[in-house]
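Going by the order they are written in, the chains are A, B, C and D; count residues from 1 in each one.
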Amino acid sequence: MNVATMTTPASHTRPGATADDVVLSAEDVSVRVRGAQTMLLEPVSLALKAGEPLVVIGETGSGKSLLAQALLGTLPSELVASGSLWLDGEQYPLHTPENRRPLWGRRLAVLPQEPWLALDPLMKVIRQVGEAYRLVAGRSAQASHAAARSDLEQLGVAAASEQLPGKLSGGMAQRVAFAAARAGGAPLLIADEPTKGLDAARVSEIGELLLKSLAETPRAGLMVITHDMALAHQIGGRLMVVRRGQVIEQGATRDVLAAPTHAYTRRLVNAAPQAWPEAAFKPAADSASGDGKAAGETIIRAENLTIARGDTTLLRDVELSVKSGEIIGVQGASGCGKSSLGDALLGLLPPHSGRVVQHAERLEYQKLYQDPVATFPPRRTLGRLLKDLSARHRLDDSQLPQLMEQLSLAPELLSRLPGQVSGGELQRFALLRLMLIKPRFVFADEPTSRLDPLVQQEVIACMVKMVREQGTALVLVSHDAALLRKVADRVLVVEEGRLKACQEI
Amino acid sequence: MVKLLSRLRWQYRTFLHDRRQLAVASVALSLAVVQPSHAQDASAAQASAADTRRLEIVGPFDIKGADPLLSGILFQRMQIVETLVEVDATGELQPGLASDWEVSDDGLEWRFTLRSGVQFHDGSQLDAEVARQVLEIARAKPGLLKSVPVERIVAEDAQTLVIALSEPFAALPAYLADYRQQILAPAAFDETGTAQQVIGTGPYRMLRMTPPLSLEVTAFEDYWGPQPEVRQARYQAVSRAEGRALIAESGDADFTYGLDPASRQRLSQSPRVTLAAAATPRTMLLKVNANHPAFQDPAVRRALSLAIDRTAIAQVVLRYPRGASQLFPPMVEGWHDPALPELHQDVAKARALLDAAGWKVAEDGIRHKDGQRLAISLITFSDRPELPLVATVLERQFHAIGIQTRLDITNFSAIPAGHHDGSLDMALFARNLAMVPDPIGNVLSDYAGTPEASGGDWGAMGWFDADFTAELERMAREGYGPTPARQDPRAQASGVIQRALPVIPIAWYYQNLAISNRLQSAQVDPWERSFGLSELRWAQ
Amino acid sequence: MNQVVEGLAPQRVEAVRRPRLDWPLRRVIGAAMVASLVLLALLGNLVIPGDPLEQHLYRALQGADAVGVSDAGEVITSAPLGYDHLGRSLYHRLVAALGLSLSIAAGAVILAAFSGISLGLLAAGRGGWAERLLSLVADSLLALPGLLLVLMVSVILPSTPLALWLGLSLVLWVEFFRLARATGRSVLASPGVEASRLLGFGAWYRFRHHLWPEMAPVMMTAMAFGMANALMAIAALGFVHVGIPEPTPELGTMMVELLPYWREAPFALLTPVLVTFLLLLGLLLMSGSKARTSTAADTLEGARP
Amino acid sequence: MNLPSRLLQLLMVVLMVGGASYLMMQSLPGDAAWRIAAGRYGYDALDAAAAASVRAELGLEAQGGLHFLYWLGDILRLELGTSLISGESVWVEIRHQLGNSLSLAGAALGISLLIGPPLGLLAGLRAGGWLDRSLLAVCSLLRATPQFLLALVLILLISVEMGLLPAAGHGEPQHFILPAMTLALGLAAVSARLARDAMAAVTQTAFHDFARWKGLSNAQTFWRHGLRHVALPLVTYLGLQFVTLVEGVVVIESIFGWPGIGHALVHAIFSRDVPMVQGTALVLGVGFVLINLLVDLLGRQLDPRGVK
């Protein structure tokens, strides 16, 4: 498929067409490595209309962020953009990033991803908003302070205004960053993965915030880059799907998401847990009754367990028993003690009171981590690591090729270092490592929260396969209720320091 | 930079050629530095005008405190303090605060007539009673005066001081010229007899003293003698020889004492300074423990002496024209005996002597006798930077005759301490042979002693010669009158030391200093008693 | 900038990243300098045999000469770099001095690294009182000038090389301790170590494959840096005359000895100065700096999932 | 570190210095009286009588039975005794010398701060640029030059060849320049690198980028969001650097004839003046702890987030 031809008709109609509603347009935006021919982003043209948001979706590495960077002039110095940007009737050639420097804050506002990193950790929140009013919009000191205060009030974070960013939650930080980014008065907002790392509940808040400001500001434009289908849905407007540096599909967001024409888009849309088919991961047997699996013997049991770290009690009176072949979902906001529960179950954290009864060998209780890169020794190839393991426990590794095939891991990956494979592959290797040991119990702590939806779906499928085939007991921790609902036999929620059964199931 | 490098290269090339000539030249220079002043009368007029020029003196000696025992020698050199008796450049005694003295016929009663009208810097007057008190304080402290058989000191009248002895002691006036017998005002001392201030009678008075590194003086208006032309002076202690040389080279010091050989070479090229040197009664010598099984035998000590290449040490390491041919340098007249056969190097003879003494070379190249290895330690110290260098040379030269030497470069107190506990084998140091202008004091304390406690801390060890000791004691009592052999008894004593070699002389010292061109003339005091400030003239 | 570049696919990142050695050119040059000086120390005396103590007083401060026979008939060892102020071959003194300085410095660094790393890991692993006590001792040692510590040790111990070795180790171990504790703390608490423990791997495996790879670059840097510091301290102590005693050749003492002759024989002084300087420079280059110059490559590397 | 742990550190420093001094006193080869007499009277006048009088005066015989606890007790009562050489109280001696050293160290620190961090910041803002590269080269060269060598080069060039400044001495303002410069160059080399690294790191942070995206100019970004972050490691470093400064002071003071605490320390070590060694070491150690306490406070001022 030729993207260029696909986008060319559009590019003829938009630039130059100084229709009143177009606030920003760009033609033939492309990105390549300086001094090389390889295109990292094939030429693409776009136009932002006032009041109509543009959503760019794609996987990690698809090149969707390059588009934003090329427009803003923030590409790393080793990459070079070409094409041009039209703004207020001015043309800005993209290969000289400096020409857009004066636009920042005044015409173009940027909403950063991971806003807790984007706020100066040593400056009070209100001053970070106020300085943009003062230095960019040129207001007086008092006026700036007042404006900042009213912004923060409107956004519901007035209480935090005298605090340092370190004290803010992720959602609050994003709202503060939003206020700071907008304070300079720029009508056009580019948001690059604005919800990365945020809990699901916060995602929709941010979406509302963006839409609200778009609606309230005259001649405002909004461009949102995300891989979150839910956010894309919420923002609406127009949609561009980027894959491997090419725009493969675009159109009205609602239309594209409802009826994707491209197979990839379809997969992308379906990869969101909400879109997963019901019962895809449930065992064939009837799971309505808790003891449906007659073979299930109790692998681990927590009795009247209270978990504390230092002086803080995280969870109390936990009663839990997990049977083999059972998947238990645990849902809760970050910092609620989900991980400590795992440590206590695995014997890594002595219980404050109560007890944990393990019914199998020590080695048979294992854990799957959120960040797979951190869980492998960094300087040893994956093959060596697996050999280390089988040598340590005299395991039969003859089934290794078969297992790798099951997990769709290519054999040549064995000669790579953990840092040289993708996150999804590595998480599957972590799973493979566990499957070699045949654990009776696995505690999976947010194992897919750092993965793209497509990869997440694959990894979850592999995990469920392990559970079903090896009869493993699995506790799956996630903040994504939809995911748990689709996968787990039972879902427990951590609320107010207690583990409760989720009402929805 | 380029200029500097090319200069360096040139000097490197010409160094060998220059070396001998330089040393000779600088000695010659020292003999002719005192020039008659043509500004004698003008000086007083200049003095009264506010002459803000300050003479900068740099030397190696730290300032340790106000007590004469600690830094008295520096106060003497700065001419803040004076002694009853002074010394001229040839070593002859001269009137100091005492204008005259005489001794009774039995040699037991010395009568000193004090100069009248002498004022201390605090305005008090010097009289015999003051001198008596001060001498009594000095006598109670360690020092040479302790060894003088003083019975009592009496202030006979205001100007007459009588020192009564229990037995004759001819060198007494010379002893009173020692810096430890400097006359301070009684107000300078605290109740324990330790001086807390420096209140002397000299042409300069102390302006401020900041131990350990500097002191400043200004001319004393009420001095009994002529007023000096240089009105202000400051002394700074710089402990490192390189540092001193650099200060001299950069022109920041008018007078720089204690120059190391290499710096002398360099400074001789400098347009800012003139080098001066004077022979001083100081000899570098090797103290040998004659109680050591090997060194008991005089032949072995002689072998050590024969192993040493004094000329090379003098010319290469010290950059002096020649090494020591005997203990006393020629400037110490009487004690130096030109007729003595010179100490020299003869390695073959040294080996033969050792062979004859039963020390045979073993497989490792080191000599053995009765299963004992001839391995000894040599103590020296780095306060004088040339000593470790010479010790390093000696180590090789002794090695050449089959003696293994372990260098121990340490605090110099290890030498007298090793002398007393008997642990010392050999020690290398520089000895001032005329602490008192009359060397008899030194010779007595270093080479006499008793059979039980022979020699002295900085002299012989384990070597005792009864006749020699008796003769020294006679000289101390009676002076240097003719002996039956009609020879100068001092030369005779030198001969004894030369033959027995309780210490092995290596080199005679010269006092080296750099004088800036701001000064018109300068005098080098060979007795290391004075910087000669009061005699100095500014160049313009 | 991390968050903006996040969008690059791994395969693309490969294409973007310039081929980069683990050891940049600077470090390679540094290592080559150090290695050649180490070789000189090891082999120098084999190539041109000679005695660093042998004196030819009348050749003092002369330039290089060839192998020959003197007037007296004795064979003169060639001195390729000329003679020092006592007519000793500068080349052989330099070789011997290098050997001595290097072995003391290396000995001190090895002892310091070994004890520092072991204690640091002990502190990180045990925590509690052990950590508090060890950190207190380390912090307090840090409060005293290193030179002072070495001087004090040299008063207490009789042998100078031993005192230098132990004194320098006493100064240097603190750095290793602090680094090991810091790395140990973060690595021991990392999921990787926990995973290996759960998988049944022993302490040695966890050290070898988790801790060491993390620590090694830092420790190598610290070792090179410690080496340089030790060499400088030995020279400085020689300078205040409390270093290796005469006549044993040592770089610092050699410089001090030849310093007065800087105008007569600048090249005699320059040789030990140059060797020391190159050695220190090599070590410092080898130790590298945390700062890198290629920003984009780092940004991209940091952005990897 | 917080106040209690700094106090503990202080105590530990005192304990270690006291212990080492006690060991030194015990392990002095030979008789302390000899060494002390040597320091007092010089080699020309040192003899058994002088040593005996020192022994009697100081009661050195009694020190064999001295107990470590008494020793420590004296220190804790701030009883440092008297110098064995000058007989002056150690406090008096140190007070005098400390002033000189502090003024020298202060001047050096001042110069180094004027040279190092500004250059480092400029280099860090343009990491990889020509300034960065040349600064790296100069810093590497400086760090590879032992201080005494640097001192001599400066003396030879500036003092001897050009005759601009005095080579040594103390008392006039111009005497400050060379020793302070020597000390400062070494310090500046390190602080420049540190400032450069910190600056380069700050320019890489998300908040630095975001500040510019907000519309702040480069200068505004630097003053408001860069400097404070660079100052943090720099201040911490300067606290730690105090020890290096003191160490440099020991060597530099002895070259330039500066009557400071370093000079006194070397002298005291030579003449085995243990009370002086102990006194100077204590003052240096305690000074370090106090300065770092100040640095802690300053750091908290700069970074109110608390323990990082």
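FYI, a contact is a pair of C-beta atoms (placed from the backbone, for glycine too) under 8 Å apart; a residue touches a chain by one contact, two chains touch by 3 or more.
In this text, all values refer to a predicted model and were calculated from it rather than measured experimentally.
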Every chain in contact with both chain A and chain C is listed here as D
Of B-C and C-D, pair with higher C-beta contact tally
C-D
How many angstrom lie between the centres of chain C and chain D, each centre taken as the mean Cα position?
22
Report the inter-centroid distance (CA atoms only) between chain B and chain C in whole Å.
46
Where the CA atoms of chain B average out and where those of chain D average out, how many Å apart are those spots?
38
Report, in whole Å, the distance between the mean C-alpha point of chain A and the mean C-alpha point of chain D.
51
Which chain A residues sit where two or more other chains touch them?
74, 112, 114, 117-118
Can you list the chain C residues in contact with two or more other chains?
1, 3-4, 259, 262, 295, 299
Each of the following residues of chain B touches two or more other chains, namely 242
Chain pairs that touch, all of them, please.
A-C, A-D, B-C, B-D, C-D
Tell me, which parts of chain D touch chain C in their complex?
1, 5, 8-9, 12-13, 15-17, 20-21, 23-24, 27-29, 127-128, 132-133, 136, 140-141, 143-149, 152, 156, 193, 196-197, 200, 204, 206, 209, 240, 243-244, 246-247, 250-251, 254, 265-266, 269, 272, 277, 281, 284-286, 288-289, 292
Using the touch definition up top, name the residues of chain D that touch chain B in the complex.
29-31, 34-35, 37-53, 85-88, 96, 152, 155-157, 159-161, 163, 166-171, 254-257, 259, 263-264, 267, 270-272
What residues on chain C touch chain D, complex-wise?
1-4, 136-137, 139-148, 151-152, 155-158, 228, 232, 235-236, 239-240, 242, 252, 255, 259, 262, 273, 276-277, 280-281, 284-285, 289-291, 293-295, 298-299
Which positions of chain C touch chain A when the two form their complex?
1, 3-12, 15-16, 190-192, 194-196, 198-201, 205, 209-210, 213-214, 295-297, 299-300, 304-305
Okay, in this complex, where on chain D does chain A touch?
205-207, 209-217, 220, 224-225, 228-229, 302-305
